[in-house]
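These are the structures, in structure tokens.
Look at the two complexes coming up: subunit A is in both, with subunit B in one and subunit C in the other.
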Partner chain A sequence: MKKIIVSFLITASLFQFSCVTSWQPVVTYNTAIPDNRLIGTWNSEGQDYIVERVFESAVYKKQKNEPITPLIKKGIKDSILYSKSYIMRYTKDKIEYHFFCSMIKINNEVFMNMIVADITSINNGGDISELHLSQNWLDRLHTYTIARVQFTNTNIIKLDFIDGSFIYDKIKNGRMKLKHESDDLYDTFVITASPNELQQFIQKYGNDDRFFDKENSVTLIRKS
Partner chain B sequence: MKKVTILLVFTFLIIFLSSCLKTLHPIFTVKDIVYEQKLLGTWKAKASNDDLAFAVITNLSSDNSIELPEKIVAIKQKGYLILYKNQNGEIIDQFIAFLARIGEHLYFDYYPADKKEDRKLDEFWREHFIKMHTSFRVEIANDGSFELSQFDESYLTDLIDKKKIRISHETDPDDNVVITASTSALQRYIIKYGDDPSAYRSEKITFKK
Partner chain C sequence: MKRKYWELNHPILRIIQHLGFWVLSFFVFLYLFKTGAKPEKIDYVYTILFQLTLLPTVYINIELLLPKLGNRKRILFYLLSLIVLIILFAWINYNFFDKWSAKVFPDYFFISYFTFREVVLFFTVYIIITMLLKLSKSWFQVSWLQKELLEKEKQKAEVELKALKAQINPHFFFNTLNSIYSMALDKDARLPGTVLQLSELMRYFIYGSKDNFISLEKELIVVNDYIALQKIRSGEQLSVQINKDGEVSEQKIAPLLLITFLENAFKHGAKGSSENTFIRLDIKVERDKLNFVVENNKGIIDEVNIGEYNGLGLENVKRQLELLYPGKHLLNIKDQPDRFTVALQLSL
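After this line comes the complex of A and B, so read on.
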């Protein structure tokens, strides 16, 4: 399937829109900006989202002692990035999803990168073996989504995810240039541009309203 | 940032897939597909390290619950669904597979097929992953049993590092490499190195009825 979600309006999930994913991040350790207004418990359409600093998150505390499968690579660049980044987590159907979030300022706008950090069960101390997931998740390519972040005030944040369908059509029609890979047989599409190329791309198109689909917008209301 | 690793607890196949060659594109085109009826059935899949699983191979069109890309639907009669089960009969992994003749040999192209448990995961989380292809050389013996040899990722990345090969790949700021070579480039690699035993992982998986 295309790595573009075409409107999932069935469940009550906050994130029900079309995303485009990139293999490389747009945010790097030397471009990341912290913004602690993100920290707290948020709600959107009945779903709670908790945002905390990476170093204070359960996923960091769990994985920093894991020698085999570490989230945490103990390099100085990673430490810098983590110190400016956040973990967003939410629970659905007794499964907790954790995302690593980092932000960058481009054209005076703030953009967020999200990538999966962990998945835990709220039962059995987080052990997900009871979920009986396929082993082949380990072999899938982890990719990033990108959203524009607007802090309306201290209690409201709007996330506008890039419209995957718009980007896909423009790139496939040759109207936008961005390094990518696509496979027609398996309907795969992923952006492979470098962080610098992604930043330039957003600089060029980030002010275009068509870049963000209204259906791809999420408004988070602060709970605490 | 180092690509985040999710903590999953697995056994058998992890040994084979952990350092296997993963590619963004398949190794075959539709014209390369070969269909061998004799691969269908239930098999004991045994690795050299004594791990044992069961593999159930059926025609891909026999299971309508599997989500297939549109163009794969059109050729599903020529494909396989391969289920790996543990000794308790539980499905631990499943793949959409196509057998292809590339050069002189037969190869399997594996592509993950979500189990019903995978499909229960939140869509937003799932969409942060891209499925990759893994491939195996297939050697079918006279008695009908067959053996899979998996391409070794480190062999190819070593060739890349030593500039002995030019094949499309991407390297991120943390030196993670993903092979983005086209199907035709992958086939050229297979034809050139397919007879070199060191291009494969040392462990083989033997399938016996």
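After this line comes the complex of A and C, so read on.
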């Protein structure tokens, strides 16, 4: 249960709203698609977001010799984690968040799953111990957030996050059959369905606007 | 005929059986398909919908395809139809959950949690299970019917046996009374003794032969009495040779079986007018086997003509043997110009 709460809080901190958290990725090795239009510096409501290739990212360079999460593994260069994925980083309250992003195309729409790759404090030269984070703690962040990605043009990207509260409401009311674990005490949940099931769900309901938190859609505008 | 509730094919029991099967199947599926630690409302809905696609598949197979095509001549056509049926409903199942359910139940969200191939496999296994259940039920029904048929055949045989006995006894007495009648005409002095022995035999026939089987020992005593009775009325010209071998203990035999053959021998041989008539009787008893041979020479019959009833005793005893010793007896009747031989081998 502690895993669910921690994962939920960290993931939600990304854009400050209720997004869905999944224990499994929707993007798998065979289905991952790269899209370099994502690379660059983006801004949304005054907040900057930097997207770069995994190989070029600070988190990769840092963790190359010192892997701290199972997401980045030494010697596995031909995995989606390296060649077909991106790192999105942003700073908030003097803490730098690194998200690992992979994309998939379903029904001619692009979907992205994001997972916390690293969290560092910029005050202490990236020393994560200052945040009282341990390897064990980071392992608990191993949950994915899923969003629909719409490239309006090369300079504008719209992210529609899957609405966690809608999904949870449907699950709680016995209207949605999706494997999950819930924490009744904190009223949170995490989806535990397999990547294949997640893909099928998106394939079937990817065009259903009820699934997306339209009010909290994020529009990223390219800065550079 | 009104069927009883506990009979396998009674409509009410049949409905209960089918309901029981589907309820059991429902709960097995429910626990198989549940998404959380315990089944939730959506799992119930999903399981019901999943079963709804299985129902027609199962019933089309067991109520239509199997009875109409499930024989050797049409087996290939049956298998082909079964494959089409499975693929069709697996396709319906897959597409219903994968696509159509969003339109039919817009407020319920589920997908096909199995690939099409898995659904086909699932349906195939389910069809096999229900077919095996159907076949095993049919097997039970066949055994039940066989048992009922055997019971009815047994009852029929018993009725027939009673009728045969009812024919044998008067037949025997009719012949003996004819003999006594002849003795009375001859003013034979042995007549009173003969009547007395006949009285003893009647007691046995009337009271002792009600069961299907009596002890062999008793039957042989009656055989002896019967021979004695016939010897009295036949006089000195009849030679009766009796050879007995073996030990009689607990063996059982159908009553009056041997007497009927003896009666026949006396009727056709001993009472003939020719001289030096003989009857040879060989009785060999083994542990569970009886060899009985009676042989007589033929005389000129001077009995009262009994017309159409002549030979009725032998025919009756043959039928009795068929009913009481099916596959356990060997009867050989040899009718030669000068003699008549009956050889009977019985497994006791």
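In this text, the second predicted complex is superposed on the first by the 184 of 224 C-alpha atoms of A that agree within 3 Å, B and C clash if a C-alpha of one lies under 4 Å from a C-alpha of the other, contacts with A are read in each partner's own complex, and residues count from 1 in each chain.
In the analysis below, a contact is a pair of C-beta atoms (placed from the backbone, for glycine too) under 8 Å apart; a residue touches a chain by one contact, two chains touch by 3 or more.
All of these numbers come straight from a predicted model, not from anything done at the bench.
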| item | value |
| --- | --- |
| First, second, both or neither for A:28, with subunit B first and subunit C second | first |
| Partner chain(s) touched by A:106 [first = subunit B, second = subunit C, both, neither] | neither |
| Subunit A residues touched by each partner, larger count belonging to subunit B or subunit C | B |
| Touching partner for A:218 - first (subunit B), second (subunit C), both, neither | neither |
| First (subunit B), second (subunit C), both or neither touched by A:145 | first |
| First, second, both or neither for A:201, with subunit B first and subunit C second | second |
| Subunit B versus subunit C as contact partner of A:178, first or second or both or neither | second |
| Contacts of A:170 with subunit B and subunit C, given as first, second, both or neither | second |
| Footprint overlap on subunit A, comparing subunit B with subunit C | 181 |
| Complex contacts: residues of subunit A adjacent to subunit B | 1, 3, 5, 8, 11, 13-16, 19, 21, 23-25, 28-29, 62-63, 66, 69-73, 75, 78, 81-82, 92-93, 95, 97, 99-100, 102, 114-119, 127-129, 131-145, 181, 183-188, 190, 192, 195 |
| Subunit B to subunit A touching residues, read off their complex | 1-10, 12-14, 17-18, 20, 22, 24-26, 29-30, 67, 69-72, 90-95, 111-112, 114-115, 117-118, 120-125, 127-134, 170, 172-174, 178, 180 |
| Residues on subunit C engaged by subunit A in the complex (per definition of touch) | 35-36, 40-46, 98-99, 102, 107-113 |
| Touching residues (chain side subunit A, partner subunit C) in the complex | 170-171, 173-182, 197, 200-201, 203-205, 208 |
